[in-house]
Structure formats: C-alpha cells, structure tokens
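Lettered A, B, C and D in written order, each chain numbered from 1.
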Amino acid sequence: MNVRAACCVVAAIVSLAACQREKRDFEAPTKAVTPPPVRLSEIQPGAISTKTSLEGKYEDNAFALSEGKRLFGWYNCTGCHAHGGGDKGPALMDRVWIYGSEPAQIYATIVEGRPNGMPSFGGHIPDNEVWELVAYVRSLSGLASGMASPNRSDTMHVKAPESNVEAQQPVTAAPSGASERP
Amino acid sequence: MTPSTGAHPIQSSASPAKAWRREREATPASIPAIRRGDALDVSMLPSYGFGTRSLMWWGTLAMSTIEGMGFVLMILVYFDMQSRARIWPNEAPPPDLLWGSVNMVLALLSIIPNLLANKAADDHDLRKVRIWLVVVLVVVFALMGVRWLEFHALHIRWDTSGYGSAVWVLLGLHTFNLVTNFADFVVVTAVMFKPPIDGKRYVDVAENTGYWWFIVLSWIPVYLVVYWAPRL
Amino acid sequence: MSRLLAALDPRELRKAARASVGRGEAIYDGPGWGSPAASALDRTWREKPGVRGWLETVDHKRTGKRFVFTSFVFFCAAGILAAIMRSQLAFPDSHLVGPDLYDQMFTMHGTTMMFIFAVPVMQGMAVYLIPLMVGTRNTAFPRMTACAFWLYLLGSLSLWVGFALNTGADAGWFAYVPLAGPEYGIGKRSDLWNNLINLTEAMGLMVAVDLATVILKMRAPGMSLRRMPVFAWSILVTSVMIIFAMPSVMLAANLAQFDRTFATHFFNPAEGGDVLIWQHLFWFFGHPEVYFIFIPALGFISTIIPTFARRPLFGHTAVVLSMIATGFLAFGLWVHHMFATNLPELGKGFFTAMSMMIAIPTAVQIFCWIATLWSGRINLRAPILFVLGFFFILVLGGMTGIMIGAVPFDLQVHDSYFIVAHLHYVLLGGAVFPLFAAFYYWFPKFTGRLLDERLGRWQFWTFFVGFNVTFFPMHLLGLAGMPRRIYTYAADTGWGTLNLVATIGAAIIAVSVLLFVVNVIRTRAGGEAAGDDPWGAATLEWATHSPPPAFNFVALPVVASREPLWAREADEPTHVSGLSAQVREGLVTTVLDALPDVRYAYPSPSIWPAVAAVTVVVWLFWSNVTPSGMWYGLIPPAIAFILWYWPTRRETAEQLLLQRRP
Amino acid sequence: MTGGLHDVEAPAGAQAQAIAQLWHVLLPVCTIVFVAVLVAVFVALRRAPRATRETAPDVSSLSQPEPALARAVWAGVIVCAVLLLGLLAASVFTDRALARLPLEDALHIRLTGYQWWWEAQYDDPAPSRIFTTANELHVPVGRPVIVTLVGADVIHSFWVPSLHGKKDLIPGRPQTISFRADRPGVYRGTCAEYCGYQHAHMVLYVIADTPNDFAYWAARQRAPAAKPASALAQQGAELFLQKSCAMCHAIDGTGAQGRNAPNLTHVASRMTIGAGTLANSVTNRAAWILDPQQFKPGANMPSQNMAPDELAAINAYLGTLQ
C-alpha cells in the first residue's frame, strides 16, 4: 500500500516536472507582471523577497529558455555581452552580478536599463519575452534548470552549451572599471 | 571421433526423385548419428564443438559484422565531413603519431599470445590456456593505457569542431570495443581459474581469442583514418 | 572445505553432477506423448511459477507471444493517434488539436508503427514460429532474445510515458536534423526518441542474430537449405539485412545524441558538420527497414497459400531467390528518399533503376503465388481472404512505388499525401494484411483455439473497404498539392472533401480492428478447439500440440521432404533419439545439409537478462540527464552481463554430465 | 488563404508540364498491370476447385515439373521487366528535359527559408537595384528563373506544384532550382519538408506576371517605403519604431532595420500575411498584430499589449506601404 502511494507521488512529481519542462506556451500572458522595484541596498528589516510566481514557468521550461536564447541574438544582446562572455557590456556567464542575479532584478535591468550603456528595453519587448530573456541570462551561469537549458547552437563553437554549465554561486560586485567608461 | 556405425541414415534410403538422390550422394558419410529403426540416435555426438560447429561462433560473427558496419559507416562520415571542409583538420594539427603507432604494433603483437591461447584451448590444455590468457590480459590492459595517451595526443576536443567530433567518436568506438573485449577476457580468464572446468569453457576461450582478431583488424583502418587521413 | 575439495575430483564431480540433475537411470527423449520421456521433458522444461518465472523465462514461445502482444497493443495506441489526427484533418481550419500536440502525435504514430510495431511484431512471430518450423526446442540464444524483449518493452514504454507527460518526440519518425538537433529539438523530447532507437535497434539486432543462428545451425536433421520452409528463408534474409542495416541508424541516433549531450558537431554546418549525413545514415537503414517488414510478410504468404491451395508452392526456388535478390536490392534504394536534396545526375539514374528493378523479384513472387492458386484446390478461409486483400492493396502500392521511383515524378509528389497513400498501401497491404492472415492462420497454434470465421470475414471486409476509403483519396490529395505533416489546411485549398472521406474510412478501419480484438477475446474465452493441425498444413509447427508444450517436440523430427507433413518417405527415420530428457538438450546441425553435428545444452532460465535490460535503460537515461552518466552508468550493465554469463554450479554439472569431447 | 493554383495535373510551367506528361505515361501503364494482375488472381480463384482442410494435398509438383505454369510466370516477369525498362527510359528522358530548360536571361532570386516564412532577395548586377520581399515571388511569364535555395535554420522544401517539383533548402548546402512559368496566374507553393510547429502555414505564392507587369512591380519594390500620408499613418510610423515591431521588421527608408522577420517595406502590396495564414485585409492585419499566436501558434511574432488607438495607427501606416 505504502509502495503504491509512494509510486503515485513519484509519478505525480515526475509528470509535473516534465509538463513544466516541456510545455510550449504559445499564448502570451494575459496581463503584464510587474516585479517589485529593484533594490540596490540590502539594508531592510526582515528577509528580502524578490520572488515572483513566474520564475519556474520560465526557468524550468525548455521552450522558454530556448526562446530566450533566440531573442538574445535577435535583440542584439550579443552586441555588447557577446555570447555571455562580455565585451562592451559585462560578462553574463560568470558569478559576478552588478545589479543582482534574482529574476526580478534582471527583469528590471532589461526593462529599465542601467547606467554605463545598458539601454532600456521597456516597451520594446513584450513582457513574456523579457521573462524568457531573464531565464536565459540566468542559464548562462547555470542558475536555470540544467534539465531545461539549451544545448549547443548550430553556429561556430564559442563556448560550452548552457546545459553543461555548472551552477555558479552569484556574488554582487560593483561594475569593474565602469567609472572609467564614458 | 566416434567411428560411424553405418551409412548415414538420411543417405541410405531410396527415393523416387533423382534430384534428391544427387543431393544425398553429396553428403559426407562420417556423421556419427546412428539409425535405430525409425529413430536417428544422436547420443554419440560431441556435446560441444569449436569454430563453425559452435553456435556462439555464429553469434560472434554476427556481432563482428554489426560492429564492423559501425566502423565502416563512421569512417564514411569522417570522409564526408573531410570532403566538405576547406581546411582539414580544422582548428588543430593532426594527431601525434607516436602512441597510435605504438598501439598498432602492440595490437599486432598481441595476436601471438592470442593464437597460443586459442591453440591451447583447442588442445584442452588448461595450464597453457591460463598462462596465455593472463598474458593476453596484460597486453590488452597495456593497450588500454596506450589508448588513454592517444586521446591526449589528438590535440583537439570533441566539441571544438566537426573534425574533433569525428576523431573522438571514431577512436571512442574502437575503445568501446577494446574495453568490452577486455572485460570479456577478464571474465573468461576468471572462469578458467574456477574449477570444475567443463569443455565448453575452452570453446568460450577460443571464441574470445577469435574475436580479438576483429579488434586488431578493425584497428588498422581506424588507425589509418585517425592518424594518416589528416596528413593526406 | 572438504566438500569443495571433493568437488575438484573429476569422478566425484561427475557423480555429483548426476545427482544434481537427475536421479537413477538417465532418461532420453523419444516419441509418444504419454511416455516417461515426455513427462521428464515436461519437468525439465517447465519454468518456475509466479513473478520470478515470468521474469526469468527463456521459452521462445512465451517471448514471441510477448513481442506480438506488446507490439499489437502499441499498434492500437498508434492507431488511436491516427484516428485523432484524421479527425483533426477532417475539416479545414480545425482546432481540435494544436500544432505542438499534432507534431508529437504524427511522430509518435510513425515511430510506433515502424519501430515499436512493425519490426518487433514480425520478429516476435518469427521467434515463436521459427524453432517450431525448423524442428528444435528453443532458439540458439534465448536469454539474449528475452533481454531484447525487455529492452524493447522498456524503451517503448519510456517513449509513450514521455508522450503522456508532454515529452513526446516531435521531429517526425525520421527525426531529421537540425529539427531534432541540439538547437531546434528543444527539451528532452528528441533524447527519448534517440533512446528508443538505441533500444529497439539493439532489440532488433539481438533477435536477428538469434534467429539467423537458429535457422542456419539448428534445423531438424535432413532439412537441408533446399528443403527449408520459405518462411525460414524470409526470416534468414531479414535477419541478415537487419545485421547490415540497423547499425546505421544506431550510429546516426548516437551521433545525434552526442550532438545534443556532448556538443559535438556532426550535424553543425558551421563547424564542418553536414546535416545530410543524418539522412544518408537514416535511409541506409530506413529503406531496408521497409523490407524487414515486408519480407517476413512474403514468408507468411508463401506459407499460407500452399496450405489453402492444397499443393506445394509453385516455384519454391524462384521465390527464395527473389527474396534474396530483394534483400540485396533493398540496400541500393535509400537515396530515393532524398531526391529533393541535391544529387548528382548519375546517382539519380542509378537509384531510379534500382527502385524500379526491385519490383521484379516481387513480381516473380506474385506470379508464383497466382500460379499456385491457379493450379490448386482452394480452401477459402479467413487467412486466404487477407492474402487476397494483400494482392489488391500491395500491387496498387507497388504501382505507385514504381511511379515515385521515377525521379521527376517523385520531385512532385515527394513529401505530399501521395506518399502517405503509397506508404500505407505498401506497409498495410504488404505487412498488416499478411499479418492478419498470419494471426488467423497461427492463432490456433498459439492458443489451441480457432478464431471465429464469421467475425473474421466481417473484419476482412471492413478492413479492406475502410483501408481503401481512407488511403485512396490521399493519392488525389497529393496530386492536388497537399503536403505531409501539416496540422491543418485552409478551406480554399479545396482539400476538404477528400480529407473528410479519408476520415470516414479511418473510422471503418477502427471498427475493423475492434472486431479483431473482440474475436480474439471471444475465442480465448471459448472458441472452437483447433487440434494439432486445423488446416492440414505441411510445415513442422503443426506436428506438435496446439499450443505446443515448453519443449516443443517429444522427439525432434527428421525431415526428408520440402513438405514434411505432406510427403513422408516410408523408409526414412522419422525422429531423433538419444537426447537427454533431464537436461535442456538439443541438436546442432550443419549449415547446408542439416546433418546432425553437435549436441547442445540450451541456456536455462535466468533473471539476468531482465536485470541487464533495466540497467541498460537506466544507463541511457542517466547519460541524457548528465554527461557523466555515460561512464558511471556503464557499471551496472557490466555487472549484470557478467552475472548473466557466469556459469552456475548446475550449468557446469549439466555440461559435465553430457560432456563428450569433439 | 487566397487560393491560387496548386495541382500536379494542371501544369503552368515548362517543367511541371514535362512531369505531367511523364505521369500520363506512368498512370495508364501501371493501371493496366494492376488490372491484369487482379484479373489473373480472380480467374485463378474462379477456375480452381474448392477444397477443405481434409482435401489430400497434391504433392505431385515435388517430383514433376510444371512447364505450362513456368512458362506463364516467365512470360509475366518478362512483360513486367520490359514495361519497367520503358518506364525507366521515360523517366530518364523527362529528367533530361527538366535539366535542359534554357537559362539565358534568367532572373536570379535568392530564397531563404526561415521557421516559418520565406525571404526572397531579387538579385541584380547593380547593388542598388537589389530588393527584398517575403512570402511572395513575382516572376515574368516566359522568362526562366533561377532560385538559389538557402536553409537558414532547419530544412525546408520549395514546392510549387504547378511550376515544378520540389527542392530542399538545406542549412549549409545551398542549391538552385530553375523553372519557367508559361501562363500568367497565381500559383500556390508550400513548404514540403516538415520544419516544426507551423509547417502548415508556410505558404509561398508565385505570381506569374506579364513582362510589363513584372517590370512595374519590380520598380515599385525597389523604391523605399512610402512616406505616411495622413496624421494617423504618421503616428503609426512613429509607434512602429517605439513599439517592438522594429526590433524584428525592416521598412526600407525608415529607422526600422530588423532582420529577423519579413521585410515590410511593401507589405500592403502582398496577398497574405503570416506566410499565407490570413488574407491581407485591414481587419485581418489588426487581429494578426494583436495576437498572431491565435492564428499561427508557435510563430516567432509575439502577441502585443497595444491600445486600440495605437493599433489603428500602426495598421493605417502598414496599409500605406503599397
């Protein structure tokens, strides 16, 4: 009896995980999700909560991550960040985050833009696509689900595929040499 | 061989059709099955046989064919990629010849203890079988060590370019055969050290040493492709 | 310790062996169902009851029935998917199924029908029938075949469980890269497909090796190659083809999986890869695969027609040579699936010629069958009805096959519904109709009961009519420009009416398959008892009980004719004697003339084939999830295979008991 | 969505014509063979006496040859072989005919297949005269066309049944196909190689114009986008740049230079939107912009959160892009 119950539970978990990972969500979310404002200071009473209900929907979802990868190229993120290794913009595949590694923080970075060159994409990119980009950016340093992250691309070999990246413990750091840049 | 106690029964009877008779006349008479009334008594037949008399020999032949097809096709894949590339090998110098050639020489030499083990098995000579099997094991182990060095001498990772993928998989395919055959040898040798020894185990030894021919022979084209094709 | 030492003394050992295997006098097999030999055989070959015995079984009849049953269940499942797809396509701009699900469904349908149904069901029928037909007690490597079944079952289940969890393969049954590759094959869907290919092809190869060995080396004494039944020939040809063709698709699936897991570049043009490698490797297997399915079906027909025409097959040698020729030619056709890729002119001419030439051996067989019917006396029962249906449908499919062998015409209809029609005509006509004929023909041998004739006729007519109503209009749709694998179409394309007709036909086919299932269930519950030989047939499987006992024959038969049950010779020996009834003993014969050569102890039941299959499946999935699983995952299968091989005390004792040096 | 001819048996080009002729050889020959075999089976069934399972099998054939039957089978096989040779010859001749299309003064088009639309670039020796359009090819009647086929992501296949057979667009392996339209008309083509979710909605129209019409069309296509005439259109042009549209679409002569989606410089002149998904009407365009996923689920164009007046402005602007 217990065995059967355990099997049912396992099957249910597996099925949920699989559905989450493999769902192809072609419909846009019905309304925009506004994340909490980005925090640059950690001084506050109580625990910081920047979680939104949407994270798993994108970060554990293979389709969303691969869409994020496609848009990363289409919207020319590669122009500054290269394929994650960084160029004019900071590297995204390392553990160092300037404006925070939480999905909501990255969302804000994309939508609002940041000093020293990160433009604001608010209004230019539909909301669900921003979230797909957020999930993909996190997968670059192994923060998204490894089971769902993209494999290599049909392009020149530049780096290990996101699915093979070890998860890196994020640390927050000031922009290195940002002040020297015009 | 047990002497035959009469003509082969299938051969003896008269038949109306000429074709049948011709067919029967062509069959050898030395089969030790004995006709007893309506029955064909086979109790005097051997309980195992070497070479094509053994079922496992046929299984091994099929296995070698399957793996041989794998090598042939993989080599074709390699040359298809080469024919489409402007520079080959791309993004790396050709692999160093040293370890691959050492492997080739060792592999050819390994045939000798294998032949001796095979002959000892044919003769049911337990002591010699054990000795030569252990020698073979040592040689195969050395080959696996050399193979490890070979991977390091390729100068390219499998995910760097199509060329890297092709050489890694080609070499990997052969390594997979090498390792599984090594495991086979370990088990067969262990079994030969675990009495009681029945005659069929000698057949297993003979078949394993026979299969080794395939490993060595398949290494020749793989070696040529991996080490010499990039130099053409 | 002392017992161990005693066991080292050969004389003691012989004694111990005798004690562990059988007490008292040795019992040898021989004719007579009620004899002590028969009951000794029954004790020797009986398998353990319960779950353990169920998992350990090496009885080729149980394994064969499992293959047939499992593949038929998957046939029905894939058929249900087809029905849903037909419902979606019945009307233009339909919203019953979305593109994501539709893509998974047609991929699952094709993959299941080709890999999970067609090849395993043919091999399953052969695993059951071949040892009986050639007169032996089990296959050569029954443990390997049992392991093959578990690999097949687990692989197929994993694909379908994946489908149920929205992880169904969605790149088509041919899984062309780049669509199935690392960038466009999103998620784990294509990984499951590649696993399935590895598992089912390993299954196919293992069974093929086993069957080829049985046919070459374990035929009843006297069954020279010239006297070998056509069905055995068909399976021999198929098995050899499998051995040469299946490594190709396994290699392809593994290269694709390496691209996905290890980021290799076999199919990445930007790094020196080539997407056409996939197509060559796939079709070098894929076209012969059609013949793995078709040639056993030819074997069924060449077996069934003589029985119901009450005469030996006309042109036995011609039929056998035709099958062998088909086997060779089948390897020269693969490029005709790739005419729309860029090919050199010379190549196109060659492959067109080959594609047309392969019709000739099939024509030879069809004419020989017609000649057999022409000069026979016909017992018109359900199996022969399906064979007649085969004539209509396969010949029509063959004609469209010749048409699409012509490169220019193929360029028009390639990947259109014309091809959908053609392939269903040749695969259902060439394999499923003969298969139903075979089910009706051999069901009494499997179960001891005859399928109901009246339901059988109903099933035939509904299937025949439904089939043509479904698939004939598709020729016209293809000519009208409807491409394959589209989940919907616009109303103004004008494809609506014919699609609706096809959907109605699909419903009739569904009814027909349901009738068959009802027939089987009713017959199992209490159909007409068949007796040993309900059709008055000529081949050896009818020389034993229905269903046959675990040991198949109380005494192995000796064969003196091509039709052993029809033309016996008065002064020929009729059976083999002198094989132990207390040990699973059989006979190995020579390849050409089937002269008795060596006695052979069949493998005993073992749990390790099933365990090995589980470990292999775990290894594959482990390597999909994390690359290091590729290496660590190899350890459990290695242990399982060693334990499988490791001789048990009892096996050694049996060997020693029977031992006689060559 | 707007019809167009697509039938193997209704050829409108030299090559489809040749293939249709081959079909008119294949069909009767194969039909005759099919009927002949069935008649033989039927006669065999009629003439053979009935039997039961008890009927003693007639094994005389094991020892006696059956020359009459053997002759009949041989005759059948030889007839089949001769017919096959004939069909093979017909096939080879047709193949030659296809390859011999005269290609002087050919129009060169580079056709790229994307998931799930077509980009066509009309080549010209003068770079300034090169122009790009999507999902519609205009070709002049009577003049050969050489299309270079490029697969951008996965494999697609170019198939316009009324003009020619198909050829694949394979990543890493560009190839060409040439054809000639002999009658003016609209010919519907489609992607024939399964390429993902929206394989069904990857339609390509080939419009065969008279040479004059073609020259007129090409001249218009070369021109940059029309300046917005009304205030509403002007507002739409600005919104096009502000919203996400310009992230992917290009409109020549404006700041919109996206390269990931169809070039919209002359979108209003096209028959359909979404690669044959919807007819190009004002209401369809509005519905499409708001929620393309409703019509073409899985397509790369996202649904938009857009106020009704913004939508109206953008739609008005697009309507001016003749």
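Quick note on the criterion: contacts are C-beta pairs under 8 Å (C-beta built on N, C-alpha and C of every residue); 3 or more make two chains touch, one makes a residue touch a chain.
None of these values were measured; they are calculated from a predicted model.
**Student:** Going chain by chain, each one touching the next, work out the least steps from chain A to chain D.
**Tutor:** Between chain A and chain D, the shortest chain-hopping route counts 1.
**Student:** Report the chain whose CA-based centre is farthest from the CA-based centre of chain C.
**Tutor:** For chain C, the chain whose C-alpha mean is farthest off is A.
**Student:** Select the chain whose centre, defined as the mean of its C-alpha atoms, is least distant from the mean of all protein C-alpha atoms.
**Tutor:** Minimum centroid-to-centroid distance belongs to C.
**Student:** Just give me the whole-number Å value for how far the CA centre of chain A lies from that of chain B.
**Tutor:** The answer is 52 Å.
**Student:** CA centre of chain C versus CA centre of chain D: separation in Å?
**Tutor:** Those two chain centres are 38 Å apart.
**Student:** Rounded to the nearest whole Å, what is the centre-to-centre distance of chain A and chain C, using the mean of the C-alpha atoms as each centre?
**Tutor:** Distance between chain centres, rounded to whole Å: 48 Å.
**Student:** Give me the residues of chain B that touch two or more other chains.
**Tutor:** Residues 159, 161.
**Student:** Could you pull out the residues of chain A that touch at least 2 other chains?
**Tutor:** In chain A, the residues touching two or more other chains are 24, 26, 152, 154, 157, 160.
**Student:** Out of chain D, which residues touch more than one other chain, so two or more?
**Tutor:** Within chain D, residues 62, 153, 171, 197, 297-298 contact more than one other chain.
**Student:** Provide the residue numbers of chain D that touch chain A in the complex, in ascending order.
**Tutor:** By the definition above, chain D touches chain A via 153, 171, 197, 242-244, 247-248, 260, 291, 293, 297-298, 300, 302-305.
**Student:** Any idea which chain B residues touch chain A in the complex?
**Tutor:** On the chain B side, the touching residues are 159-161.
**Student:** In their shared complex, at which residues does chain C touch chain D?
**Tutor:** 98-100, 103, 171-172, 176, 178-179, 184, 269-270, 273-276, 308-312, 314-315, 318, 340-342, 345, 348-349, 352-353, 356-357, 359-360, 363-364, 366-368, 370-371, 373-380, 388, 391-392, 395-396, 399-400, 402-403, 405-416, 478-481, 483-490, 492-493, 534-536, 538, 561-563, 566-567
**Student:** Can you tell me which positions in chain B touch chain C when the two form their complex?
**Tutor:** On the chain B side, the touching residues are 8-10, 13-15, 23, 26-28, 31, 33, 35-50, 52-55, 58-59, 62-63, 65-67, 69-70, 73-74, 77, 80-81, 84-85, 88, 90, 124, 158-159, 161-166, 168-169, 183, 187, 191, 195-196, 198-201.
**Student:** How about chain C: which of its residues touch chain A in the complex?
**Tutor:** The contact residues of chain C facing chain A are 98, 100, 162, 164-167, 178, 181-184, 186-189, 259-261, 263, 265, 267-271, 625-627.
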